[in-house]
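Look at the two complexes coming up: subunit A is in both, with subunit B in one and subunit C in the other.
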Partner chain A sequence: MTGNQIIGQILSGVSRGMMLFLISSGLTLIFSVMNILNFAHASFWLLGAYFTWTFWKILYSPIFGLWASIPLAALTIGAIGWIIEVILIRRIYDRTLTEQLLLTYALVLIIGDLIKLTWGVADRIVPKPKMLSGLVNVFGSPFPVYYILVISLAGFVALGLWWLLYKTRFGRRVKASVFSREMVGALGIPIHRIYTGVFVLSLIIAGLAGGVQAPISSVTLGMDMSIIVECFCVMVIGGFGSLIGALVGSLIVSLVYAFAIMVVPKMALVLIFIVTAIVLIIRPWGIFGTAMRT
Partner chain B sequence: MMHMRGLDRVLVIGLFLSLLLLPFPVKGAEPYNLGVVLEFTGTGALYSRHSYQGIELAVEEINKEGGFLGKHPIKLFSRDSQSKPDVGVREAKDLILREKVKGIIGTQSSNIALAVEEVCYEYKIIHVIANSNAEAMTVSNYSPYTYQIVPNTYMQATATAVSIAKNVKSKGWKTYDTIGSNYEYPHSTINTVVEHLKKTSPEFKLAKQYWPKLGETEFSAYVTSIIGDKPDFVYACVPGSDGFALFRQGNSYGLFKNVFYASGATFLTEMMEMKDELPRGIVTVLRAPFFANMNNPMMANLVKKYQAKFNQYPDDFVPMQYDAVYVLKQAIEKAGSIEPENVKNAMKGMTVNTTRGSLSFRKIDNMVNCPSYTGIIADDPKYPFPILRDMVVVSGEESWRPESEVLQLRDKADLSKKRRPEELKF
Partner chain C sequence: MGDIWYSDEDLSNMMKTNSFRLYLWFALIFGGSIVLPLVVGVFWIHVLTEILILGLFAMSFNLLFGYMGQLSFGQAAYYGLGAYATAMMITKTSIPFPLCIIASILIAGICALIFGYFCVRLVGIYFAILTMAFGQLVYYIIFQWYEFTGGDNGIQGIPCPMLLRNAYSYYYFALIIVTIAIILMWRIINSSFGYTMRAIRDNCNRTRFIGINVEKHMLINFVIAGMFAGLAGSLWAPFNRSVSPDLANWTHSGIPVFMTIMGGPSNFFGPLIGSVVYTILFTSVIGFTEYWPLIMGTIIILMVLFFRGGIVEIFNKKTGQIDMNGSRKEGIFIQNGLRDSATNKGAE
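And now, the complex of A and B:
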């Protein structure tokens, strides 16, 4: 095991982790504010990737195509999220976790079938822009430029969310509504608007992440189910409802995975679940979660 | 008025009689109901769409001449297995019981083909496999009703190993890695290659084996780990969308520039559909590439008609499915009957004309001696997609499993418990 190998695994692990963070940050935000476990979150991520492909096809401009398509796709996902929040999610705020899971899992199946109807079953391919397809050398290890974009987007989202939650009036209201929904309501703040805002914001982030994912792999059915499991591991490890927990959890999951691949490739997948199980036993509320809330 | 009414009556009766006559074909022979179980949805959908076109084309041609034996027009019944074995079994049974099919072709994934094989055995229906290629279907799970016209996993892996072994010698390679999706097909393919290399090039050391999960979209950590291992060679078997993600991410890390790479699961379909991002210079093995057989009139005809109808070149799967229908036609002609029992007997050890030349079934496993085509993926000015350069065609006899081993594997799998003794005598 040389220094270069370790750097290589750290870099690939961090890029993977940042994609996980982009999804689990929204997941955790929805959970902490609205008390809803959105099983369909990664499906919106996948939908974002499909919309990116569609907009890219429509715009068909080699330089600006992707840059315009990703935000357009994210906004589309946000709009879909707004409709779904008003029509469906709003009705299950006070229901039990099982009932919520039932509804959001149904959404996974519905979205999957709608994708099949709209885009068909063939893989959709979004090419990487030329200027981002190069390699840079980081401490002697090759690193694709495109992943720098993924990491910076995640950093931007993390900072943006921090600013929004701690530096703005909206953020203070959001935090207040976490602690006492009734009190916030009694003060005349329209609580359902805060909820809708949080849901739409989380989905916009998921849509952005999906758009950024599109040129990394192909856009294909089933991607959502494979990543949502890892996102739940992230939430368990980092702590349900904690943003910083989502960040740290994403890094733990992806780095454990990356190093397991290098050292014990056969155990790579299992190891994540072992870590998750250990955290569940020692600290059931996760590293940054509070015992109170779970 | 009376007169008119009489004319009316004649007209009505005439019309009625002609209606009665209409649905009956002139020759009066029964149609041949042919069942197709393919994966129109799910993971195999990309391949199945083309497969069906190959079948349609052959059926159209044969029906123009009146059908099988010139008098049994083929009626196609196609069903979607949704890439799920239980659905495949249900659909196959339904085809047999309700549509009274006499033969089933198609099937994509091996797990579905294995399930359909059992159904065909149970109902004594002829089963020609033209896509799925797990070796088990003709070896440990052999059925006298199942005929295989695709190079199976063992043959394809052996062919690959033969061409790798040549490079080991000429390039002085020392170590290699493998990477394969974590399910049956990649495991058996990779194991065959590893076993073969152990025998032929004992000095060539297997450094590390990676088994990413099925459905993986992020291979970066695998790619960086492989780059860190610094192997001379990587053997990969990652089919479908996963394989495409691996190509993209491997490309972005410059993997294919530094390591000699062979793929056990890059079909002509991928070479055509993903031509922009597919790395050049890697080695792959194909099953029935049209460009290797253009001097065969049957292939040339297929390519011409396929292009005219679908405005593209046929992939690997089109010629094999097309062959399946024609193999059935030739067997029916030899048997002089469309009854599955007679057709099955006629097909035993039979030599057939295919788009890949004249091929013969081996009696012990009903496996046709079809070749595997290995070579380096490279662009060619003649085609809008890359084809194989430095092609090595490894014949069926060179690559299939020796008969003694086939029998050993059957003993090990206790095949005699599933099949009658007379069915296992050759």
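And now, the complex of A and C:
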């Protein structure tokens, strides 16, 4: 293993980790505010990738095709999320963990099949725009330019979430409703609107991530199934309900994966679960989580 | 519990009638399942066998969920292990079939012991996620280990023992095994161990205070559940003639959850009833559309939103009878128990 290889693995690990962060940040947000573990989050992410493909196909413009279709897809996912929140999620706030999990599990099945119905089983490929398709040298190892976009988007989302939660009135209300839902409601703040807002925001992030993912690899059915489990691992490692935990957890998971794939390629995925299990055993609430919330 | 108080005498009478009714039902179902194959065609024999196997799978899940109050989202791991162990022993060795089953149960049990040792230290959502993580561990090992398990190709053409090659004989074979398993489970649930499980479910800390080793009991229950799931998987492999890694995937773990919620977790036979409904639905839907997950997802959503407590609860409401465990509201206790023990553990 040379130095260049190590740097290369770190870079690709970080960019994959940022993709994981984009998904698990929304997952974390939904969990910490609404106390719902959304199995279907990665399904929305995949849906975002498919919508990006569709918009790209419709626009069919080499210059701004992708740039326009990613936000369009994200907004579409947000709109779908809004409808789903109002129709379904709103009814299960007070239900048991099992019922919530079962309902979002049902969403996984439904979205998976609707994707199959709409886009078929063929892989969908969105080419990278020309200006982002090359390689650059980072510390002497080649690095795809496109990954810089992924990393900067993740950084932007992380900063944006921080700003939203800590610097705005909406953020203060969100944090207050995490702390005491009844009290916030009693103060006359429409709690449902906050929940809807958080859900839609998380799905928009997922849609963005899906759109950015589309040019990285071909968009395939069932991609959501494997990545959602990795996102759970991220949440467990970082701590449920902690955004900084989601960031650190994503980096740990993806770096473990990146190095394992070089040393023991067959054990790479297995190793992620071993790391997760170890964290759960030592610190069930994760690195940044608190023991209070269950 | 409402404001109706029963005297001890009333209660014991009720229990008597209830247990009498239970045995009657049991005899009726068992008799029915013996006679039924003589009336229906081969196709439905396959469906019935599937109902039995998946029903056993769901009941093994309910040992954890209904009686221990913990949601496992990785029960498919033990099912898949059982299926793969049997499939590999039949195709690669010349071990007789009954021994294969026993060995598969043991393998699933040993894995449940190792994983369960860590899982039972957690509750609530952490328990669900850790069981899922271990389940995915098993899934990816099966998926990646091409030389040993055949990877994503699975194992095809598993030869069934000569005697059981006929659909009818396999059905009766499965019926006998599953009935024995159900009786065993019934004995376990109604033993002092079973009542300890319920106590842990209802209040983990109080159970600890009266001197019960909670983790040990939960671990034993976890292993038992894993072994029954392994048995179900072991019956599945020669029945289906092929196994694939998807048997151990987390999406497959959702099936017993669904069946149990559908049938009613508060009832001993709830998961089995869920299996009947699920399998018949599946068989009739798959005939005209490949979009079964879409339909199943819709049913789950409708069920979660509008039919809480499952089919058994609807039936109980109609007849107004106390269910077999002597309490109508057990389903609600489960939920409270889960929440309580979760917070208790977190606050420790």
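Throughout what follows, the second predicted complex is superposed on the first by the 294 of 294 C-alpha atoms of A that agree within 3 Å, B and C clash if a C-alpha of one lies under 4 Å from a C-alpha of the other, contacts with A are read in each partner's own complex, and residues count from 1 in each chain.
What we mean here is this: a residue touches a chain if its C-beta (ideal position, glycine included) is under 8 Å from a C-beta of that chain, and two chains touch if they have at least 3 such contacts.
Quick caveat: nothing in here was measured; it's all calculated off a predicted structure.
Please indicate which partner A:151 is in contact with in the superposed arrangement: first for subunit B, second for subunit C, both, or neither.
A:151 contacts neither subunit B nor subunit C.
One more residue to check, A:277. First (subunit B), second (subunit C), both or neither?
second
Answer with first, second, both or neither: which of subunit B and subunit C does A:257 touch in the superposed model?
In the superposition, A:257 contacts subunit B only.
Determine, under the contact definition given at the top, whether A:106 touches first (subunit B), second (subunit C), both, or neither.
Touch partner of A:106: subunit C, not subunit B.
If we overlay the two complexes on their shared chain A, which of subunit B and subunit C does A:216 touch? Say first, second, both or neither.
A:216: touches subunit B, not subunit C.
For A:88 in the superposed arrangement: first (subunit B), second (subunit C), both or neither?
second
Which partner does A:75 reach: the first (subunit B), the second (subunit C), both, or neither?
The answer is neither, since A:75 touches no partner chain.
Tell me the contact category for A:116 with respect to subunit B and subunit C: first, second, both or neither.
both
Between subunit B (first) and subunit C (second), which, if any, makes contact with A:233: first, second, both or neither?
After superposing on A, A:233 lies in contact with subunit C but is clear of subunit B.
Mind sorting out which residues of subunit A both subunit B and subunit C touch, each in its own complex?
Common to the two interfaces on subunit A: residues 116, 225, 266, 269.
Give every residue of subunit B touching subunit A within the complex, in rising order.
Those residues of subunit B that touch subunit A are 41-43, 45-46, 208-213, 215-218, 220-225, 227-228, 241, 244-245, 248-249, 252-254, 274, 276-277.
Any idea which subunit A residues touch subunit B in the complex?
2, 4-5, 8-9, 11-13, 15-16, 19, 116, 121-123, 125, 127-128, 133, 135, 141-142, 144, 146-147, 213, 215-218, 220, 222-223, 225-227, 254, 257-258, 261-262, 265-266, 268-269
Per the contact definition, I'd like the list of subunit A residues that touch subunit C in the complex.
For subunit A paired with subunit C, touching residues are 37, 88, 91-92, 95-99, 101-103, 105-110, 112-114, 116-117, 225, 229, 232-233, 235-236, 240, 266-267, 269-270, 273-274, 276-277, 280-281, 284-285, 291-294.
Mind pulling up the subunit C residues that touch subunit A in the complex?
Touch residues, subunit C against subunit A: 65, 71, 73, 118, 121-126, 128-130, 132-134, 136-137, 140-141, 144-145, 249-251, 254, 257-258, 261, 291, 293-294, 296-298, 300-301, 304-305, 308, 335, 338-339, 342-343, 345-347.
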